[in-house]
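Some structures to go through are shown next.
Shared chain: chain A. Partners: chain B in the first complex, chain C in the second.
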Partner chain A sequence: MRLNARTLEGLYALLLLLPFLFTLGVFFLYAFLRAVYFSFTDYDLFSPPQFVGLANYLRLLEDPLFLRALWHTLAYSLVVTVLQTFFALLLATALNQPLRGITAFRTVYYLPSVVSTAAASLLLLWLFQRTGLVNQGLSLLLAYLPHLLALALIFALVQGGQVLWERRRGAPTGFWDPALALISLPLALLGVYALGFLGLVGPREVRVEIPWLPTTATFLGIPYPLWAIILMNTYTTIPTFMVLFLAGLKGIPKTLYEAAALDGATPWTMFRRITVPLLRPVLFLVITLGLIGTLQLFDQVLFVGGSGGAPLEATVTLAYYVYGNVFPSGATPRVGLASAAALFLAGLTLLVVLLQRRLGVSERGWG
Partner chain B sequence: MRKILATILVFFGLSTLAQTQVRISGWGGPDVAIVTGLLREVVQPRLDREGIRVIYEPIEGDYTQWLFNALSAGTAPDLFYVDIFWSESLFATGRVEPLDRYFSRQEIAEFLPNLVQAFTYGGRLYGIPKDFNTLALQFNRDLFDEAGVRYPNQQDTWETFEAKLRQVQTRLGDVAGLCVVADVARFAPFAFATGWRPFDDRGHTVLDGNFRRAFEWYTGLTRRGAARFAQDLGEGWTGGCFGGEKAATAIEGAWIAGFLRDRAPNLRYGTTFLPLDPVTQRRGNFIFTVSWSMNAQSRNKEAAARVLRALTSPEAQQWVLERGLAIPSRRALAQNPYFQRAGREPELNRIVFQGSVAPGGVVYPFKFRGFGGDWMRPINEALQAVMTGQKTVDQALRDAQVALDRLTGRR
Partner chain C sequence: MSPKEAARRRWARVAWAYGLLLAFGVFFVGPFLMGFLASLKTNPLEWPFNLGFAQVSPKNWVAAWRLGREGAGDPWLGGMRPGREVALEVAYFWPEATPPELQAVIPRRRPGAGMGAVFESPYAADYVQLFGPDLLETRPFRLGEAEGYLYRYRLQIAYQGEGPYLERVPLDLEAPRGALLVAATLDPIRFERRGRVASWDNVVPGLLGYTFHNYVRAFRETRSLETGQSLFLRWTLNSFLIAFLKVTTTLVFASMAGYALARLRFPGKEALFLFMLFSMMVPVQVTFISNYLVLRDGIFGLSRLFGVETLLNTYTGLILSGLVGAGAVFIMKQFFESIPKEVEEAALIDGATPFQTLFRVVLPMATPALGAVAILTFQGAWNEFFWPFIVLTTPREIYTLPLGLLAFRNAYGQVGDWGLILAGGFLSMIPILILFAVFQRYFVEGVSVGAVKE
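Up next is the complex of A and B:
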């Protein structure tokens, strides 16, 4: 029997794909099917699984910790995806300018993504301790608030005066004219120094001691420790997405911008009408990757909860909830419940990505 | 010549086959050096005569996860460490061999009875305690001298102890009397001293008036200027504050000795018992202990039992004790001359040893039925919420009680 070329080609392809299909089959398909099976059973890793129907799923909905984890996951995912997409795009646009030494800037801005989560979490713990840099910075800011207010006031007065003077001379000057600010700012600084010297303005005794990590206090419904994780994760993921945007930006023909410039378009109009629409495929990729990544937040919760002393209720996410039930500290594994939660997380991820395809940005256009 | 060589090879090959191999596992870190030394110098020479070879496989990383996985998959070693904290949930799986048939009553009676009791589940013994720890109070002699305050002693009550801490903190300014942590592992002994029990007869946890009294005292230490919250000093445990001379006292077990040896070798510290409840005039304590337990699926149970016996033998425990590495679990060692030696570490080890018996007061093993960390979490969170000023005592205890009721089935 002779195989025709097409069949032969297919066979070769299958042969080359075999190792990947094997790992996919064992570590994804088989694991997934096992998880589906376990989610309908009461299983502790040791005794044979007992079929319990939908009991695990119902128990999830009654567990306050699960509901909290669900809320944290959704809120975290939404906030981080929005922030990282926005700032990555902003940064990519800035770094796409033909400036001297731009490559060095690109390297510097990419560095945070190289930091491991463990190291970044440690930094986070130091920053947000009660005696950490964040509280010390806030203390300093509040202590010198009178100076800052005086600086702003004197700057406004001097700058305003200069602007009026220029306008009277017929020059169409705006308040934020940098040339005038070059004179106003040193004068304002001198003024503040003089006020301080005369004892009219002095630093105040302020000690900000906000417990950022060991707390369940919330801001906009999200606990402080989770906000800390949001800030850190946004900071470390922006660079990766920035690179994707940069690649996308490189693919937009310059002629479009030149034509728009000839038509008198402002930079904002060009950004809105040319850059963003042509970046849609990248934007779709960034948002999808962002959503999937954020929905699976786990390691920072482990570090901030463990070493940072943040209460579980303030940081728990769905991925951590799954882990915490498979390996509960000092208790028997609850594999059935964890499997149900894992499938819930998988379903949620799929749903969120589908929703964003339907309602948000997709490869071809806005939903 | 070839024939002779072949004969020698066959001889050695057969002798290797004749040896029974017993795999043992524990956690990694500093324990690896201890167990390796113990095996080389004490255990293996004794087992060589019996034709048993011990294969030691220490586990770096999360030991509990590894053990649960290995037991579930049927790949666990013959002998392994079991921490008292998660012992009950592991014994309940039926994957650990009861040891009653391998050890006579007399042999078991040689170990401290409360440790034996800690590893007894459903009337059967599932582990031979290898060593243990209790909590003791360490104090920095230099800092107390500098502040002109008398050292803490075993007659101190919560009140007199607190007064000393307050004096140290006031006089030294940047040094805390004690750095407190929001952790059941450090707080509960004070609650035990009041007569509070973690579980009542029906298995429920009730945060009663006794508990509240200890809770109010402990969480109020920072407010009353006797202590600072560990995390505010950039530390996660009282030993960290103590080693860095950020606090004048610490509440830790004998494990602090190794840490201080590395971190602050010149620190002059003394050790005494935890203070007494001024009402009951008793103190409380926890026993933290680890056993050697046997895999129920082991194919070499008899050999494993012999290895277990060698690992917990008087010689092995003496070897460990003399190196100041751990507190052994045999009763006879209470009279050991090591404990009577002068010096920081023998004193620390003596107090920690005595913490498990009568001078320790009301002592419970560090385990909470099968609930583990789930049981500790509501109390830890209540401690933290009050210490950081986020909740009142009433609110924090009410929330903790609701969570514990849900957990222990008390409605």
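Up next is the complex of A and C:
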């Protein structure tokens, strides 16, 4: 029997797709359907599941640890996404210039995001110890605050003076004129040095010892250990998204900026009116990827918790809650409850994606 | 504006741009650099953070090299072998004219905490003899404001008779209050009891043993309870093996699936693509319970197929569950769509099957995409934590590196051995950093290949 071309092509496609369909079918579809099924049952991984209807979902809403995990996940996701998107965009705009050696800088900036979450978590643990580098840095900053203030003051005075002088000579000069600032900055540094030499400003004795990790204290409703994770993760993900933005920025025609410059647009106007609108697809992608990634925070919770680390109530997230209920230490697994929580997490993720599409941030980035 | 003025401004702008770039560079690399420096220190949590510590002094490198060679003939890792002898000189400042009473002792100190404490390694105190301290020289000396004398002593450590190879020979040197250690052949690793006791963990360290003290410990102290072999090395090899297998399967299967999705017509193609996108958005935490059970009990005799009771704690299970990721398929599909159709049509006219077209014609053209997928998959596999953490639980020998790091953190976090924890973290970064240095173009572009290209 001869197969017709259509059927033959379909068969070839099936053959080519077979390994992928196997993975997708067994380890995603089957698993997803089973998770839905488990969420309506009482199951402990050993005896057969018992159907209990919506009881698991109701129990979730009464579990204070779940509500805490939910709040942590939402807060973490929101804060990190906002911070990383903002700074990645800022950095990409700054880097999107025809400067010599810019690729070397891009490479260096990308470095932190190559490192595994496990290794980054170990670094995080060290950085946020009571006598760690973060507290030392903060102490240093506070100790030299008078110097910094004096520096800013002298800079503003010298720069202001120069700008006024230039304007009186008839040159249209803005306050941030780089050429003048290049003179003002060394002068300001010299001024601060002189003040220090005369003993007018001196370093203060400051020792910041914030217990970042072993605490349940909160700042703006978010516990300190979670703030530590927020800072660290923002730091490691900025470069990844910066690279995405850079790729997007490359696609914006230069002529648009040239035309705008001819019309006398300021850099800020150009950024708002040209860069951001044309970057929308990438922006959508970055925000979506950021939200999906942050909603699944797990590794750091495990690393930061444990002996000598943060208490569970201060760092628990939905992903950790799910894990903790499937493999609780010294208790029977609550798979039904965990599945319900996991589906909640999945729902949240899908909701975020759908919401983004609704809000009109273009979806072209998904190809 | 005069041309001169314009040129001046342009230069100023460039200077600012580079200044900013440099500042950001310091920001992104600084913490890693500081962490690395701290991992060399005896106390990584020292306040204030000091950049001039003993392990970065060239004088100590030379001394450590020499002592290691004299002690065991190994200038890198040092140690002490029978029949060898080493000498150490120290100089104390002491305000009085009579020499201070020095007490030197080779303590019976355990090599470490956590996992390292379990092993019985021979105590150097049982095998080596300490001679001295012998006074070599006395001369008047001024230390800051204080007037006094400088006393130079010599300590001799000899390993006579037969015995095992000693990894380390610790030494404690106690001086009376007011005596200050101003120089030593090899700077002590720490001072105890308010500076009265100068303490060396190893007076025959070798160059690596002194500067990369914590790194050597990571290999020496983290050993398997059963076999005594270095776990850290095992974990690294495991990670490599798994990442290699994953990259291989992903490259083959993702290009197959990507090609089918990009070029072949079959019913349900659109639906499959949408479903694939959906699968990329669902968190692992939803599917891991079922996947765990599939590996534990099998499904339709899946694990029986491999002739084992369960696929948990096996690499077969780990690889099988991650043959090909949807993300890789997505990248390959996008790439194949960008290749002109004419190339394949020519092959088709020549009577090639889709398999032949794919492997003979299209794939050789797809090196950039394959490179990106390989790098991204390797990075993903090397760094993956959650799923291996579920699948690989016992014994410790089968862990991947990230799981090993968690074991590290749990073993040494409690005793606050941050030097060892940091060293472990940095050791785990080395392979991926080397890979990054070589293929950084693929790393940086790989992200955008998958995401932005349309």
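Assume the second predicted complex is superposed on the first by the 281 of 367 C-alpha atoms of A that agree within 3 Å, B and C clash if a C-alpha of one lies under 4 Å from a C-alpha of the other, contacts with A are read in each partner's own complex, and residues count from 1 in each chain.
FYI, a residue touches a chain if its C-beta (ideal position, glycine included) is under 8 Å from a C-beta of that chain, and two chains touch if they have at least 3 such contacts.
Only a predicted model underlies this, so the values are computations on that prediction, with no experimental measurement involved.
Novice: So if we stack both complexes on chain A, do chain B and chain C clash, or do they fit?
Specialist: Once chain A is superposed (C-alpha atoms), there is a clash between chain B and chain C.
Novice: Per the contact definition in the header, classify A:Leu54: touching chain B only (first), chain C only (second), both, or neither.
Specialist: In the superposition, A:Leu54 touches no partner, neither chain B nor chain C.
Novice: Going by the contact rule set out at the top, does A:Thr131 touch chain B (first), chain C (second), both, or neither?
Specialist: both
Novice: A:Leu122 contacts which: chain B (first), chain C (second), both, neither?
Specialist: second
Novice: One more residue to check, A:Phe105. First (chain B), second (chain C), both or neither?
Specialist: A:Phe105 sits against chain C, while chain B stays out of touch.
Novice: Mind working out whether A:Leu45 is in touch with chain B, chain C, both or neither, as first, second, both or neither?
Specialist: In the superposed model, A:Leu45 contacts both chain B and chain C.
Novice: Between chain B and chain C, pick out the one touching the greater number of residues of chain A.
Specialist: C
Novice: Looking at the overlay, what does A:Thr215 touch: chain B (first), chain C (second), both, or neither?
Specialist: Only chain B is touched by A:Thr215; chain C is not.
Novice: Check whether A:Val82 is in contact with chain B, with chain C, with both or with neither, and answer first, second, both or neither.
Specialist: neither
Novice: After the superposition on A, what does A:Ala261 contact: first (chain B), second (chain C), both or neither?
Specialist: After superposition on chain A, A:Ala261 lies in contact with neither partner.
Novice: If you stack the two complexes on chain A, which partner ends up touching A:Leu3: first (chain B), second (chain C), both, or neither?
Specialist: Neither partner.
Novice: Would you mind checking which of 79-87, 223-231, 241-249 or 349-357 on chain C runs into chain B after superposing?
Specialist: 223-231
Novice: Under the contact definition given at the top, report the residues of chain A touching chain B in one complex and chain C in the other.
Specialist: Chain A residues touching both partners: 45, 129, 131, 307, 309.
Novice: What residues on chain A touch chain B, complex-wise?
Specialist: Touching chain B from chain A are residues 44-47, 129-131, 209, 211, 213-217, 307, 309, 311-313, 327-333.
Novice: Please give the residue numbers of chain B that touch chain A in the complex, ascending.
Specialist: 62, 64-65, 68-69, 71-72, 85-86, 89, 92-95, 182, 229, 231-234, 236, 367-368, 370-374, 377, 380-381, 384-385, 388, 390
Novice: Under the touch definition given earlier, write down the residues of chain C that touch chain A in their complex.
Specialist: 1, 5, 8-9, 11-18, 20-21, 24-25, 28-29, 31-32, 34-35, 38, 44-49, 249, 252-254, 256-257, 259-261, 264-267, 269, 272, 275-277, 279, 281-294, 299, 302, 321-324, 326, 329-330, 334, 353-355, 358, 379, 382-383, 385-386, 389, 401-402, 405-406, 408-410, 413-414, 416, 418, 421-422, 424-426, 428-429, 432-433, 436, 440, 443-445, 447-448, 451-454
Novice: Can you check the complex and tell me which residues of chain A touch chain C?
Specialist: So the residues of chain A in touch with chain C come to 6, 9-10, 12-17, 19-20, 22-24, 26-32, 34-35, 38, 45, 91, 94-95, 97, 99, 102, 105-112, 114-119, 121-123, 125-127, 129, 131-133, 136, 171, 177-179, 181-182, 235, 239-240, 243-244, 247-248, 251, 281-282, 285, 289, 292, 295-296, 298-299, 302-303, 306-309, 318-319, 322-323, 326, 335, 338-339, 342-343, 345-346, 349-350, 353, 364-367.
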